[in-house]
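The two complexes that follow have chain A in common; it is paired with chain B in the first and with chain C in the second.
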Partner chain A sequence: MVLSYFRRTYSIFTSKVLDVPPRLLVLLFFLLFMFFPLTRPGADLLGKLTQYSILAIFAASWDFLIGRSGQLSLGHALFFGVGAYTSGALCYHFGLPLWATIPMGVLLCILVAFLVGFPCLRVKGPYLALVTLAFPIILLTVFLGLPAKYFGGENGITGLPVFFPIEFFTERGFGWKEAIYQQTLAQYYLMFLLLFISSYILYRIAYSKTGIVLVSILDDEVASKASGINTTKYKLMAFAISGLFGGLAGCLYAHWIGVAGLSTLMLTQSFVPIIITFLGGIGTIYGPIAAAYILMFLGEFVLPDAVEGLAGLMTNIGLVSLGHNLKSNITSWTGSATSPGLIFMIVIIILIIKWPTGIARSVVDKLEDLSEERELEERGKRIWKREKKKKSPS
Partner chain B sequence: MHLLEVENLTKRFGGLSAVNNVSFHVDEGEILGLIGPNGAGKTTLFNIISGFLKCDSGTVKFKDEDITGLEPHKIVNKGISRTFQVVRPFHHLPAIANVMVSCLSPRASKKLEWLKSPERKALDMLEDVGLTEMALEPAANLAHGDLKRLEIARALATEPELLLLDEPFSGMNPIETDLLTKSIVRMHLDGHTMVIVEHKLRELMRLVKRVIVLHYGEKIAEGSPKEVTKNEKVIEVYMGRVM
Partner chain C sequence: MIAVVAIVIVVAVVLTWWYYLSPAGRVDAFAKIKRFTIYGLLSGGVYALLALGFTLIYGVADVVNMAHGALYMLGAYMFYAFSWKYFQLDPLPAVILAVILVAFIGMITYRLFIHPVIEDIVAVMVVTLGAALIFQQLVILNFTGSNIPIVLLTGSEDILGVSVTYQQILAFVVSLSLIAILWLFIRKSKIGGAMRAVAQDREAAMLMGINTERLYMLTMAISALFAALAGILIASYTVANPRMWTSPLAMSFAIVILGGLGSIKGSLIGAFIIGYAEKFVTIWTGMSYLEGAASLAVMVLILLLRPAGLFGKRLEVER
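Presenting the complex of A and B:
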């Protein structure tokens, strides 16, 4: 009996997961990230993966807003910053633990999304983009202008509690070095799981009936109203959901690096999700997540190595000063998703020209086409067999 | 009691009166034709009734309830649905999802039969207008005639008591026109009340019992198709004056 139960579960699993290429891809991705630390990678790489998991949540929230309801926000850093600063300030001033401040930060972000959403609903397209662009800048100047005892001024709120404090591990008998590694690992797993959960929720909303209504607003708002849809309500809802996950990313980031700084509200922070989403594919949710890790490997590992090789080549062929310059300023030449440099941007432009609909989306579309072909082929074989059987008796 | 009562409706765009002091009524279960030359204010009238435009004066009453100046989605949820002269499909969505948006509106989901999903209902609606085969095709890939019928399915899915059709026959070939005429007749037999704006008088006159003629925003004639086509003023408007 137990065996038959297992057999049934397995058959459901194969038909619902293994036979659907995108789902299989997600499963592989999940397994890869769960078992990757077993190879004991460096703390450096784990830290980068953690950071980009947080940025992936942020990018997915932006993608939900633009890809589902068609509202272009150029100031998504507002939610990131509000989340980070709320959680940070509550920790700093009231000494609350982070598991209490993060939900409060997220709640405030939803509130801010409603507050910002109301004026934003009166404008559309490029005007909306400009209005949203203004909000984080306003907040930035406010935080900078207030006395440092409230929000830390230029330095931001420092010394925040982090996830899995180091004492947690040293008390359990780990050595100092090992404790740091274990902390990085624990944070890596936490952020990855949170990314998985939040992207799952976003994906479910995006592909639900609510998602269909949101896409109808994106396509033609007038026709959507004529279908009896309260478009204002749905647009505000999209704003709030996006703000929720954007704020969550901000809170996580603040408690990961231990600082709620002004950089969370800066213009570059608003453009991080845009770069990531465009590269992954707008309106897919899985696109920005895949693209975040692609960009991480590009910006943090592949490009610096390539540039170093280039610098070596230049020194060898005689352009010594240029090669030396390149070698000593690798990070500023290449940059990364969070602070783009020249070479990084050139690579991004090439990638976007090559895959205008996004890397992840192109891959998934191709896989779906392949599976459709395979299905047709199998069905064809079945029909052929049946026809043959019919003919053979006569 | 009339289903829809429009009283002294006026709408000006600057110095131009698009609709000038128009009053008429729609009875339950009838098909009312609304004709007139280009720029007569027919579409403006529709836009005012369905809430997309605010009128300057006058009232629109639906089932003895004043609905003047309400938001479009509220009017749809009261039971007045409209189609557009130029088709406005949701390009990214498949045909069935286009109809499903209407099925998800508050009024339609309240009226959904027990144990019936919005998907099922959307499919039924598509079947009514003969688009079942196209159900999973993105609206961007549909032909113009199909889109016109999709538009009607979308309007019907909100369970309207009054349907406003804005030039349903425009840009259709004779076969498509025939199909649409049949489905309009079927809708009429199902008990739907309709107001139809149309330029193709031959198709319209076969369908309606009562016609209103607008000219420069004013109502110049009302009556059965026979009466209206013999009306001198109407002939003058359409053909020009006999010198």
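Presenting the complex of A and C:
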């Protein structure tokens, strides 16, 4: 009797209270990030959040390409690097201001996306993945080989103008230390707003009619072609949209750290959106964004602390040299999403094997399973998995 | 058809170029052509060894193994550990022990990383790339990140007026004979037959009583063995360091895609194409940093002409 009351209360609770619509989650997320600086966190944390906001735009653009049109690109650093280098070179050689070079960088990225995407449409699956992998490596060798006066050679283009230069704040009467904090804060808000706007646009495209057409191509290309869809046009469009936001992330990154370096084109840079999206869940735009911040906390705060604790334990049980080694090289042991170390990679691999559908998507799916009313909504999210099962019915 | 046209164009260009050269230029060009022929042949043979393991595991298990380059790097380091750092063995037992150890590491990699996610090709790529980074970090921790020397043989010989080290000749001979052994193994032995059966149709092979899991592990071991041997042989005349796995990885992609994923004959021919393309760039332009870019550009060009590589399985309806 009492137990049935409990059960009934629980079911009402889960279906009415935990039934959080995605919009409310987004609103909560937005409010959290808008009001988070009021607690006055350190400039270090704000800087990390800014960096990962940029990486979240990058990851969302990769997710749009694979999750919507099913084209696997292993060389997404191409767009990041082209954006960073274009904007950087324009600033460096012609002295143009930020607001002029970033749109030009983005436009060039769209052009590059067309140039790369057009031949890439002929190839498919693992072939496409490996062909796209080639382009950033080719560009990297070219930039490395050209004389340093054009693209800076090994060091990249340094000394680029950053968002909200420090003079902007010192002129307004802030002290030096306070000005640096205010600069970090302004950059944080700018990147967060840009992330919000770009992810909103990507989400709207992903769930618009165009997005549905793209998913139909992912599901069955021959059938969608037979229904009169110009698949070439749509696949190229997905490439261009993805290139746009990937390039935007590259431009923002270059002007955030002030350097357009070779690391923007490296293999690890292509690897960043892949890890983030895999953890968040492929085919959702919100997944990579949530996973970017999860990864930030994991790589920058949780794992170093855990390793420090482990080092203390090692020293206490007698393995002094190992403990000392751990303690003195914490960053190279753990690493982060941008430069993965040993422990970070092991954790990521375990997460991928345990939650193949991604963390953010598992959470959202669970929230949705709690309420039966919205069960049929957003079924498209499982499409990617379903296609895999169809290929090998064992 | 395209191949015939391409060969005719190349021959025509070469003959015109030759006709307009001055006598001194002809002597110089002849020396360059000799170097091009011999070095291209030597590097092509070793690249074939590198790429074969990659194409084998894709052809049998549909696994794009991004850790292939890392296994190559581990081969060189295990040889260093056995022959120099820990045991000071003679080269031959050290090579054998190192190769067997890396084959075991390959099997463990398959069991731990690839097996849980084998259904999803993207997840396999991500997880194996992660495994490669883990191997790199482990090697840096154990052997530090600096270059290490790998010595197999010393001395050199003149072949047609081109100086070739014994290490290069050894690498070429060993890789060609191993490729021949693998070819015979796949064609003649019972396990090789099982591999071909699984490559053709996994379900049917399972119904015939083939233990696919064990076969995948064995294939992975063979693939890792080839990678490790290629690592030892190539590192013996270049250098070895923990970050040396990315360029051979890109190289084996280029070769394997050029020839068609999963085709052994294709990757053999692709290896020679890439080897000659690289030597062409280094010998005639003198810019050795363009090597990697040149081979990848050749790969992209060939893929534009034939989307499934030279000998790959024909893809489904396209365009």
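Note that the second predicted complex is superposed on the first by the 351 of 394 C-alpha atoms of A that agree within 3 Å, B and C clash if a C-alpha of one lies under 4 Å from a C-alpha of the other, contacts with A are read in each partner's own complex, and residues count from 1 in each chain.
One rule holds for everything that comes next: contacts are C-beta pairs under 8 Å (C-beta built on N, C-alpha and C of every residue); 3 or more make two chains touch, one makes a residue touch a chain.
It should be emphasised that the depicted structure is a prediction, and the values quoted were computed from it without experimental measurement.
Bringing the complexes onto one copy of chain A puts chain B beside chain C with no clash.
By the touch criterion stated above, A:I348 is placed in contact with chain C alone, chain B being left untouched.
With both structures placed on the common chain, the touch criterion links A:I275 to chain C but leaves chain B unconnected.
Once chain A of one complex is fitted onto chain A of the other, the partner contacts of A:A223 are limited to chain B, with no touch recorded for chain C. Of the two partner chains placed around the shared chain by superposition, chain C is the only one that A:G125 touches, whereas chain B remains out of contact. With both complexes superposed, C is the one of chain B and chain C in contact with more chain A residues. Of the two partner chains placed by superposition, only chain B is touched by A:V213; chain C is not.
In the superposed pair of complexes, A:K327 makes contact with neither chain B nor chain C.
The minimum CA-CA separation between chain B and chain C in the overlaid arrangement is 7 Å, rounded to the whole angstrom. Residues 222 of chain A are contacted both by chain B in one complex and by chain C in the other. Chain A meets chain B in the complex at residues 209, 212-213, 215-216, 218-220, 222-231. By the touch rule above, chain A contacts chain C in their complex via residues 66, 72, 74, 119, 121-127, 129-131, 133-135, 137-138, 141-142, 144-145, 221-222, 232, 267, 271, 274-275, 278, 282, 332, 340-342, 345-346, 348-349, 352-353, 356, 388-389, 392-394. The touching residues of chain B, counted against chain A in their complex, run 50, 52, 71-73, 76-77, 81-82, 84, 88-93, 97-98, 100-102, 104-108, 118, 154-155, 157-158.
Chain C contributes residues 58, 64, 113, 116-117, 119-123, 125-127, 129-131, 133-134, 137-138, 140-141, 202-203, 206, 246, 250, 253-254, 257, 261, 287, 289-290, 292-293, 296-297, 299-300, 303-304, 307-309, 312, 315-319 to its touches with chain A in the complex.
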